[in-house]
Amino acid sequence: MTNSIIHIFLAILMPPLLIGVIGKTKALFAGRTGAPFLQPYYDIIRLLHKGSVFSSTTTWIFRAGPIVALASTSIAALLIPFGAHPSPISFQGDMILYAYLFALGRFFTMAAALDTGSSFEGMGSAREAAYSCLAEPTLFFALITLSRLSGSYSLSPMLINISFGIWLNAGAALLMLVGGMFIVLLAENCRIPFDDPNTHLELTMIHEVMVLDHSGPALGIIHYAASLKLFVLGAFFVHIALPYATGNPYLDWGLFIISMLELAVVIGVVESVMARLRLIRVPQLLVAATILAAFSTLLVIR
Amino acid sequence: MLAVLIILPLLGALTTWLIPSDRLRPVALSAFALGHLGTTIQLLICTPAESPGGWFHLDALGKIVLLSTTVLFMFCAIYSIGYLAYRVERSNRVFCSSLLICLAAASTVTITHHLGLMWVALETTTISMTPLIYFKRNARSIEATWKYLLICSVGVALALIGLYFLAYATIVAHVEPSLLLDDLLSDAGKLSSGWVHAAFVFLLVGFGTKMGLAPLHTWKPDAYGESPGMVGAMLAGGLVNLAFLALLRVYQLCMATKEIAFFQNALVAMGLISMIFAAIFMARQADFKRMLAYSSVEHVGIMAVALGLGGKAVFGALFHIMANSLTKGVLFLSSGNIHRSYNSKKTDHVRGAIRRLPWSGSIFLAGFIAITGSPPFAPFISEFTIVSSAFIQGRYIVASLFLVSLGIIFIGMALTVLPMVMGDPPSDSETTLYKDTLWTVGPPLSLLLLIFLLGVWIPAPLMDILSEGASLLEVKQ
Amino acid sequence: MITIADQLLVLVLLINFVVLGTSRLIFSIRAVAVQGVILGVLPALIHPFSWHLVGIISMILVTKGVVIPMMLSRAMRSAEIKREAEPYLGYVPTLLLGAVFTALSFGFAGKLPMLAEHQNYIFVPASMATLMAGFLILTTRRKAISQVIGYLVLENGIFIFGLLLADAMPIMVEAGALLDLLVGTFVMGIVINYISREFASLDTSRLTSLKEE
Amino acid sequence: MLCALQGVYDPTVVALTSAFFIGFAGIPGLFISKPGFGQLLATVITIAASLSGFAAALVLLFSQNTTTFAVNWGLPFGPCEISIDPLSAFFLIPVYLVAASGSLFALGYWPAREHPSTEKSLTFFYGILAASMAVLLTARNGVFFLMFWEVMAISAYFLVVTEQSREDVRKAGTVYLIATHTGSAALYALFSLLSAESGSLTFPVAGSLLPYTPAATAILLTAFVGFGAKAGIMPLHTWLPQAHANAPSHVSAIMSGVMLKMGLYGIFRTLTFFHDPPIIWGVVLTVAGILSALFGILFALAQKDLKRLLACSSIENIGIITTSLGVAMLGISSNNRTLAYLGMAGALLHILNHSFFKPLLFFGSGVIIHATGSRDMNLMGGLAKNMPRAALLFLIGSVSICGIPPLNGFVSEFLIYSGFFSQIQASTLVYLVLLAPLLALVGGMALIAFTKLYSSIFLGTPRSYFSTAVHEPGFTMLLPMAFFALLCVLIGLLPYQALRFVNPAINVFMPGTAIPFNPDGYGDVLGKISLTGLSLVALAAVVTLFWRWRMQRAGSTTGSTWGCGYQRGSSRMQYGATSFSELPVSVFNGIVRQDIKRPVLSGLFPGKSLCSDAPTETFLERVIAPLFSLAGVSFAFLRRLQHGRMHVYMIYIFATLFILMLWAH
């Protein structure tokens, strides 16, 4: 029960911090002081207090976009275990629900973007559609590998199962998986090299361009949901890449928080040292990720 | 009583020849056709015993052919009342008389057990149909008539020499020389196989030509295409069956001589060739009456295959005699109406027939569905029986070829028929006097209902006749 | 008597070659008429006398010897043609083929069992050879008249075989068969006249408009 | 009430009587000259009969014993047995539901007043189609089955060509008829082979045939071709997109929602005849299924005609069902009850689901076409403002068909995925799990396809003038949609209850035990899915309320969409249907293409020019069409045999004579 409360507490409060850490890392790389770690929180709160402007072309779908995105990601957050602690909701096959919840959010985000009737936002959602579709199989290959390794097809047991022992046995497979999943993590969360959350040059954007017309509380919700998505997918990744566990529940929570921050730093580093890919290269990279994940699957099930 | 079947139409021929009015003659024709039908039904209910000497005997096989011929003839005759009203430009004296002479000859074929007499009657049907094919009096129809006459005559002449061989075989075997079926059947075991084989080949080719098995069918598209619709119906639904009946007699003989295997294989081979030929020629057919002719080639092929397969398929063959002739009636009569209305039988000109002629167009479409073996029409019953029998006998190749050609034929026919009946009629098409009336629509519609009925329910008496016929053709090892 | 019949059959075979080899139509018509007359006489030689026989023979003589030749020559005149100009196959090859077929016929007949009393005669081979000659004319000639002549020759071949079957075929049927063949030829004659009226020609290569494109 | 009904009448008879009434519902209308009354009467009869038939089907689904009637008919094919076992009863459910709602929908969609020339035949054949499907499900005799199968196929043809004045409609009808008849030929062979095996045309008893004989392989092959052609399994799907696109929408609904399932029913039924199916059967089904799903959705992605998109997605869904069936067969072959249960439950539940959301979407397409008069998604846009209710219902359908939680499509796909993953520890069957990423890819592409569909029609601003005058449809059109939308939501939120309808039908496949595999283990899982679904809804409500509260505090204004600085944006500049899918489709270039013909612009002030696009039908254009033209050429060559020269015809005769002579001796 306590664990569940901590889980929910972390899921609600921590996500914007990751964005803050990424921003800070990038600032450091650029030689700037950067915004404070808590800047994303301030931004969200500020947005929630602002008035909204709605385009006259939009319908209720436009408003449903952020809501569904947030709701579905939140439910996904309840399915994923944090650190060595099982998730509050866990059942056989929950990882399928986990994967499909993102699809739900995506459907509404894309629809909301298209509802504005703006060609730029349409462009963004078309790109989002194509790239996330290509990312889908990678996630499933990862799930197969993990589930084969753990013998379970529920997220909590299969992710908690990963340990250094398993790394020793199936290191090659897991390494490839880490590579593939990291690409997917970046793609799904629209980070560099797939997307640049900082520019507003429409021709190069994916996620940011989709939310151009959202304002005020809606934009706040979207930013929050995006950070939550990073957090939830990051938690998945951290399980594979950094499987620390001590056995002590409170220590494990601490370890989890540290791992997540580490991840944020890594993302920040990647974003600082890499440039954005040309759009036509993106599918190739995603297919490469799929191939990596598929290889890892083949290694473990053969 | 059997004599009535022959005398009545002959009397009718004489009467129609004497009637001066073009308008009255078809009515008389119908009256005699009705009388013939009535006599037939009477004979089916209480069949007379074999005539003394064994020359005349109405057995189950004869009954099936007689019944389908007379029913088709009756509807064609009624149709002629409406049809000939549109062809007032020329006298129909020869037309009506020839039809009735043909009916008399056809009845003779069905009731006689003397092969020589059967041959004579069969040749009479060929000749009596000649003026009917030439009814339109134009260059194309004379060409068709010429081909029909010469090819059929040569074919039937070959059948005659086959019969002569058979008769000579009896002489050689020193048995009572005879061409009576029953005598031949009882003496069959003693006949010399060389002559018998030669006889079978000549008979198959001869009657096959008359029936229109490929590649002996060459006269068919021309004759069917150029003759009036109802003549086409009589040719495809009536004359074909008579030739098939002749083949059935030969088949009976073959069974008796124990030389059946060759004959069966030859039938299957020619039947399949006919079906494949028909399939090839039906695709992209530009003339819908010729298409129906090829459909007739297909269906005689089906009957030949069925007969060659033996077993349960024989039942299918016998039922197909009926199903095919009635369905051909539907198709030819309704296509005749369409032809009259558009004054063209080119599929390029005939479009949107259902819009222009709701009744004839729909009947034609239904006839197409029926003839391609779709339930709930009678041809489905026979075709399915044949296919399933082929599979049950383990003759997968025959069955597959059969199904494949049926499939190709369906595609070819659909690509011809559907554009004809569907859509809107072309705005620039010729306007003609023809309108659907009870006289021209009633007969094909009744035939359609009949094949529908036979497709869902075979009356018990008919079933008995069919089973009896099938038992006559059962190969006893 | 049957020996004389056999000699006459040789004549019939020779006439086959005459018809195969000639280009003048009127000559063919007459040759076939002669053939018909010879065959008409044959039954009298092998069958015992009866009034039926007289009837049949006279019928044959009148139709084959007079009516049909007359009809054909009339059609020929009205179409103003004299000879079979360009047969599908030349005369020499046709003659050679005719010879080959005649030889084959003898071979075919030799293979089949014969009644002892027919063993030494050429009824069966002559019948087959005539049949084949008819077939050759039917397939190689261009004029409608030639084709009727071919049919007549074919029919004569059948008739020769029929001579063997006097006992098996009741006279009624025999007569009926004959009548049918004659009526058939008769109708052909009528049709030929229609053709010459319609096309002003008897060339059957004109009769090819009914075909698949 | 159901029990009372069972006491008084035999439910089988009730189901058949209902079918009879549905079949003849259109007949009175043929003789009533006043337009509209006949249609109304037909609708009333159809709905009433469907309700009783539906009740009977439910009773039969849950009844333990099946009554069999042997009718002695006048045809020489043995007694005609009729019975409804749970499998048949299960398939009857969509028949009655879709028939009734489609009939109601037609009142608004195809009213007799507006379509006086076509309404009568449409209503008539619609009834015949629905009834023939109901009857064929009861058939236990091959010939009886075939008869109603053909009646179904042919009445569907007449429904497809309702608008026969249009060339493309006629062409679609012809292709359909040819395809269905070719399939029927395979069924002729199937039932013949079955009767050769079992000795009679009556269906063999479940599990009575040996699977390891060549005949069994032939039976399965013919069943797969014959029924697969009807179901639209690749590569037998070619008729499907055109036929569904060109039929009136409620006809597309019943064809896609129900008629395709008859093909699946045939495959299901054929499989019940055998015991111990070999592994290879399951493999074949699975592979064919997943390929259908992949290519089906890929084709859907490229379409710009909204009904073609829906039709292609039917191919996809049929593929998913077939995959799942293949998984179930693998489970049965390897004696793995869990796998068998999950596969079978997934397949059957997806059948049910598809027969709910696909009619919903086709009804929706009917509403759209009725309002705009077009099927081209590139011309639409912004309809949600004018028809908010229809837009909401259509949204539910779109989300369901993508298999997204919390709606019903997810539940069946979840079961299928669970089937894949349940063998994760097995040695050979583990390879099954490799299907999961493929299915995920299918899901991802479905998401693109339906986002494209929904957004380009309902969202944004109208791209063409006609879309501006549209209005909300009447209740006769909304009610059927709402009904199916409700069912989608209910199954999605209460999956465990939905599974109860599926379990009896699974019994037919695994006889031996009364209740084969109690899905208690899955009761828990499905309960959790319910829980997450409900909490998702609740959470969304909470977020909405929160946002409302914030908006009330801070206020909101309306403006125009931000044009990124461009002032003269027009609705034509929006991302349209074709442009939306251009990128994902280009990834699969070669399999499917959107052929875009771009004008070449030159000079400073280029004149007006046209840009057009059309999706290519790879299979039809690269395989079937060349095959047909090859056949056409070779046939044309052979047709020269009939050249009109009679002397050669004579040679044919004598050649035949010679050949037969040589053969004889």
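A, B, C and D are the chain letters, set down in written order, and residue numbers restart from 1 in every chain.
Convention: a residue touches a chain if its C-beta (ideal position, glycine included) is under 8 Å from a C-beta of that chain, and two chains touch if they have at least 3 such contacts.
Please read these numbers as outputs of a predicted model, since none were measured by experiment.
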item: For subunit B and subunit D, chains touching each; value: C
item: Any chain that touches subunit C and subunit A; value: D
item: Which of B-C and C-D has more C-beta contact pairs; value: B-C
item: Centroid comparison with subunit B (C-alpha atoms), farthest chain; value: A
item: Gap in Å, rounded to a whole number, between the CA centres of subunit B and subunit A; value: 77
item: Interchain centroid distance [CA atoms averaged], subunit C/subunit D, Å; value: 69
item: Gap in Å, rounded to a whole number, between the CA centres of subunit C and subunit B; value: 30
item: Centre-to-centre distance between subunit D and subunit A (centres being mean Cα positions), rounded to whole Å; value: 36
item: Set of subunit D residues in contact with two or more other chains; value: 639, 642, 644, 646, 650
item: Contacts with two or more other chains, residues of subunit B listed in rising order; value: 146-147, 150, 154, 194, 198, 221-222, 281
item: All touching chain pairs, where touch follows the definition stated at the start; value: A-D, B-C, B-D, C-D
item: Contact set on subunit A toward subunit D in their complex; value: 48-61, 63, 66-68, 70-72, 74-75, 78-79, 89, 91-94, 96-97, 99-101, 103-104, 106-107, 110-111, 114-123, 125-127, 129-130, 132-134, 136-141, 143-144, 147-148, 151, 153, 202, 212-213, 216-218, 221, 283, 290, 294, 297, 301
item: Touching residues on subunit B, where the partner in the complex is subunit D; value: 146-147, 150-151, 154-155, 158, 194, 197-198, 200-202, 204-205, 208-209, 215-216, 218-219, 221-222, 262, 266, 270, 280-281, 283-284, 315, 369, 372, 374-376, 380-381, 383-385, 387-392, 394, 396, 399-400, 403-404, 406-408, 410-411, 414-415, 418-419, 422-424, 456-460, 463
item: Residue ranges of subunit D in contact with subunit C within the complex; value: 639-640, 642-648, 650-651, 654
item: Interface residues, subunit C side, partner subunit D - complex; value: 88, 135, 138-142, 147, 204-205, 207-213
item: Touching residues on subunit C, where the partner in the complex is subunit B; value: 111-115, 127, 131, 138, 144, 147, 151, 154-155, 157-158, 161-162, 164-165, 167-170, 173-174, 176-177, 179-181, 183-184, 187-188, 191, 194-195, 198-199, 204, 207-210, 212-213
